[in-house]
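We just call them A, B, C and D in the order they show up, numbering each chain from 1.
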């Protein structure tokens, strides 16, 4: 695309050759230090006896050994599996549904769209309390239903050890599904109308139209949504802290809350770092194949 | 020594050489068309002239100045792109003068140059519009205006007409030709459309697979194609290429082949090239352009060697001015071009007249013309 | 602009941003951000201001101080530690071990801190014999808070034994009230667990299990019984307890929906704010079985190393002000706790406060004063939180009592 | 049928359309609910909240909680309300957003229009940075800020947000510019425009939608950040979220829920405003780039 240097190129050509690399290099340097340097540091810490502050006594795999003996870590991993899969699937479904519905030339789309999107703009420090109230049987939905005369209504998941993780899913879906909707909507708007017309003339029903023609074309949107949602799921922290604080008991602990707790509350930075390394590896396991496929295709 | 010298230029990406020793001298005022199918290297060559791609080996010189490694803006060239590449955020006027501004031309001069060009191209009324508000033809004119205003040594055109509809394309073609006549500038023009190549150029370079297959005037290219590729690529409908046997009969070389009925047909070639002697008794490829096969009345009066050919008519395609007739010859479909009022009927025998002056022979192995 | 000028300018900007701390000023990191207690800290600021020492406020609320501790780590890593930091129990020891804390021995000797601060508190305020922190207060955590009107209605006397306590709660439950107001958060579960361990096993057992972390004690039948008492209490808690904030639980007692709450003395502030008076509308008494002992936590201001003499002076002024009887009274009146100094007259305090001060002095003298596990004064945070995990899992029904005791042994072992 | 004449080629019956509107409205209700709860309760006196139904409308409407949260509520020892922290947040967010957007735009420009060997790998490295959990960077970041002597300053905070924003902004701009015709860049090169002139005169003026996306994304993330704000700002310079947390998360003492909700809405106001004002560019910007991955 750009010029490749000829031997003896003039100053301007050579400058233009170097400028792009020069412009990119600060970003690269920043990343190498602030991302990859820090990751390396964390990996190193996970092999040390660090407790309150980093220290550098080498302990080998001890932290990993302890980590997998801690029952809460297994709970956190199980929770992550439940949470992430439900969160990704439900967000995608709702996002896709809303996008398809909004794409039917809806009057008032301009009003509805920001309503679906706005939760992404709010942090859980802001909305956590409202959600907590809403889900609380004594003052929230259940109570309101009782006041309205539906005495048998129960909705006490947030208090239930088995069900609490699903309330986290609800709140998380509330926050991100609008964003997913926006991505699918963008994808839908990018589809050539002529293809749709052609398919209709071929006698495809609306359902077939979506299943056979439109959804396959949304593949990039599906991929982007998957990547964004999966990394949000793995990083989920505020959400749990604001809603349940990890409770009842440890029923809603996630790896991110586990890591924070061990690193900063319990002064077991070594184990915290070990859990962070596991998290990073999980993220990498999802991201690297995706990046590889995406970028190779583009080349 | 030409005005624009392309001197043994090659281009490689890594280990892959995509242009092989291209050597073209373009004279001042010449209109050179690079033509070929996509992927033949014509655009790469154009970009190398523009300075948008580096040169792996060889030299490109404009007015005897070596251009290797010279920045595109210092080559005194201008380029018209296939997509026009108008800056969407600038008005037409700004688009035209942007290059002058970048080269530090004072504002009054820029204004004057812009007015002149706008007048020349009849786009004065568009100067304050944005490219998004223009039709395809208007954009094309603006893109040319942007090139013209720079008054460059060489104009580069990269498939400038391929985004226009058929009628507009023909109009703009004429328009470009007129401009070239009027301004007498040197032009290098890339296209995959052989009609554009034929109509516009003073010389054509036919390219394929990174090689220049033939360089010559339109007539040379058309009448004496260097090889089978050039022969079939140039001209529409394409040249008929038939596998025939070359035999000497009565001291004259004849091209011998089977007719629609499987019986033998022989076309005498008294003025076959001398080299054809070596091929006697062997199979060769015979190239005959459709317009060289006619009804007897429609045959070229000046031709020295019209051979009769009795054959069965396959399909007829009236095209208004002409009628195309397909028949089977040497086991292949062979197209003849007749006057519109020629009396041919599908399935009926017909006596064709073949102008063997225009026939060419190709070696089966090397595919080069036997000359 | 010339290069020199630019350099000059940026140097000036730098100077501006750093001199702010170098003056007679203390930067204080704390999590007392709500109305009453923030106002109480305000009195400290005013005291210092009167002496010409500025106050740079650095409040970080949340997680019972854990967010503040995170921030502190970032600040220390940046080489930019605050002058003074509100801190609890073992954190002080950990920071002192890192060599991050200042030595206050000169000031302590001059003002005779060692004579007026109970030894159990000094265990946290000093490190290897040197003073590193100034204690502000003592919270005792083994209190029961009761609604007087409800007690009268149900005809309940103040229970003096575990059996009476259970009987009283049964009565409340039978009458349709919530017997025990409780919030299902790990630290609240642990707070009542402290009292159960103390109540079942007594001071020696508490010392052996919670402080010395003796595996035999942790897995003993006594511990199983303590867990069984937790199950009993769980039976008296309403269904909606999970995740409830402690002050909402207190509100249940205030509103007469619930009879008792087991909570530290900060709960008193809620009653007082609701216009109730100690001894009249509400009662306070030690968790039955723990009479004569006090489990406590103590807020202290740990002083970080500063090198600048001016800053050292400001820091000393701050430590001195914290230890002044005036501040100790003013602050603790608001906070509901009792002064860290035992030489302060109790006449300004209400009934519960006076009782608390007397019992604290008594327990300090008799060796019945113990750091609260739930509040980080019995063992280091790693162990404390490992215990939380087990206690809260058991309280929420994941383990039975015997399994919980066994899990406690394992969890403590991993955390050490 | 109305739908037939519209641009979308999908047709649906009237019954279906009623159903569609119903579903959309239900979802709108679901999305608005938490905010509605906050708004309603921020306009009630405290006694109504602790004793009543949280979804009910106020019996006594009051704006006192709002006034209190804005200017008199206790944040730490100072009864300043959220007002001063609001300004801190602006001073922090605006430069960080602008810087990361400009750098992201430049990176995207280089990666798409000046492709060179290794550029794809560099892009992959930048992209992966989006996924680093922020908790792990806290301690080493603090160390570096200390070394640079900008710990506890707004400058330091801006740097942190800038650093962890580059990945996202680069991603957005790269995908957007990948669809931007390269011929324009070539034309400008022949016209004599240099690297930066092409960027300023040709690329940037056509980047409206993606600038909006980058701005919305960055502003929301930076404005809502708590962890970095709490860790790397000193007391008086703390951003809004830290102050809000101090207001809401007080450990002991009476909880004024109405004031908390009023404060929470105030803290959310700028991001909400950004979404409402620039939101319509959001889908357009996503369409232009990000979704293409």
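By our rule, a contact is a pair of C-beta atoms (placed from the backbone, for glycine too) under 8 Å apart; a residue touches a chain by one contact, two chains touch by 3 or more.
This is a predicted model, so every value here is computed, not measured.
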Top of the farthest list for chain B, CA-centroid basis, is C
Of B-D and A-D, the pair joined by more C-beta contact pairs is A-D
Can you work out the whole-Å distance between the CA centroids of chain A and chain B? 56
Centroid distance [mean C-alpha coordinates] between chain D and chain A, Å: 15
Based only on mean CA positions, could you tell me how far chain C sits from chain D in angstrom? 37
Residue numbers in chain B touching two or more further chains are 51-52, 71, 73
At least two other chains touched by the same residue of chain A: list those residues. 12, 16, 53, 260, 264
Shared interface positions of chain D, touching two or more other chains: 139-141, 245, 248
Which chain C residues qualify as touching chain A in the complex? 63, 66, 69-70, 73, 76-77, 94-95, 98, 184-186, 239-243, 380-382, 384-386, 389, 392-393, 395-398, 407, 411, 414-415
Going by the contact rule set out above, which residues of chain D touch chain B in the complex? 181, 183-184, 186-193, 197, 201-202, 205-206
For the complex, give me every residue of chain A touching chain C. 51-53, 66, 69-72, 132, 136-138, 156, 158-161, 164, 241, 244-251, 260-261, 264-268
Partner chain D, residues of chain B touching it in the complex: 47, 50-52, 71-73, 77-79, 81-83, 85-90, 98-99, 102-103, 146, 150
Chain D residues touching chain A - in the complex, by the definition given at the top: 2-3, 6-12, 17, 20-21, 23-24, 27-28, 30-35, 37-38, 53-55, 103, 106-107, 110-111, 113-116, 119-120, 122-137, 139-141, 144, 163-164, 166-167, 170, 178, 182, 194-196, 220, 224-226, 241, 244-245, 248, 257, 260-261, 264-265, 267-268, 271-272, 274-276, 279-280, 282-284, 286-287, 290-293
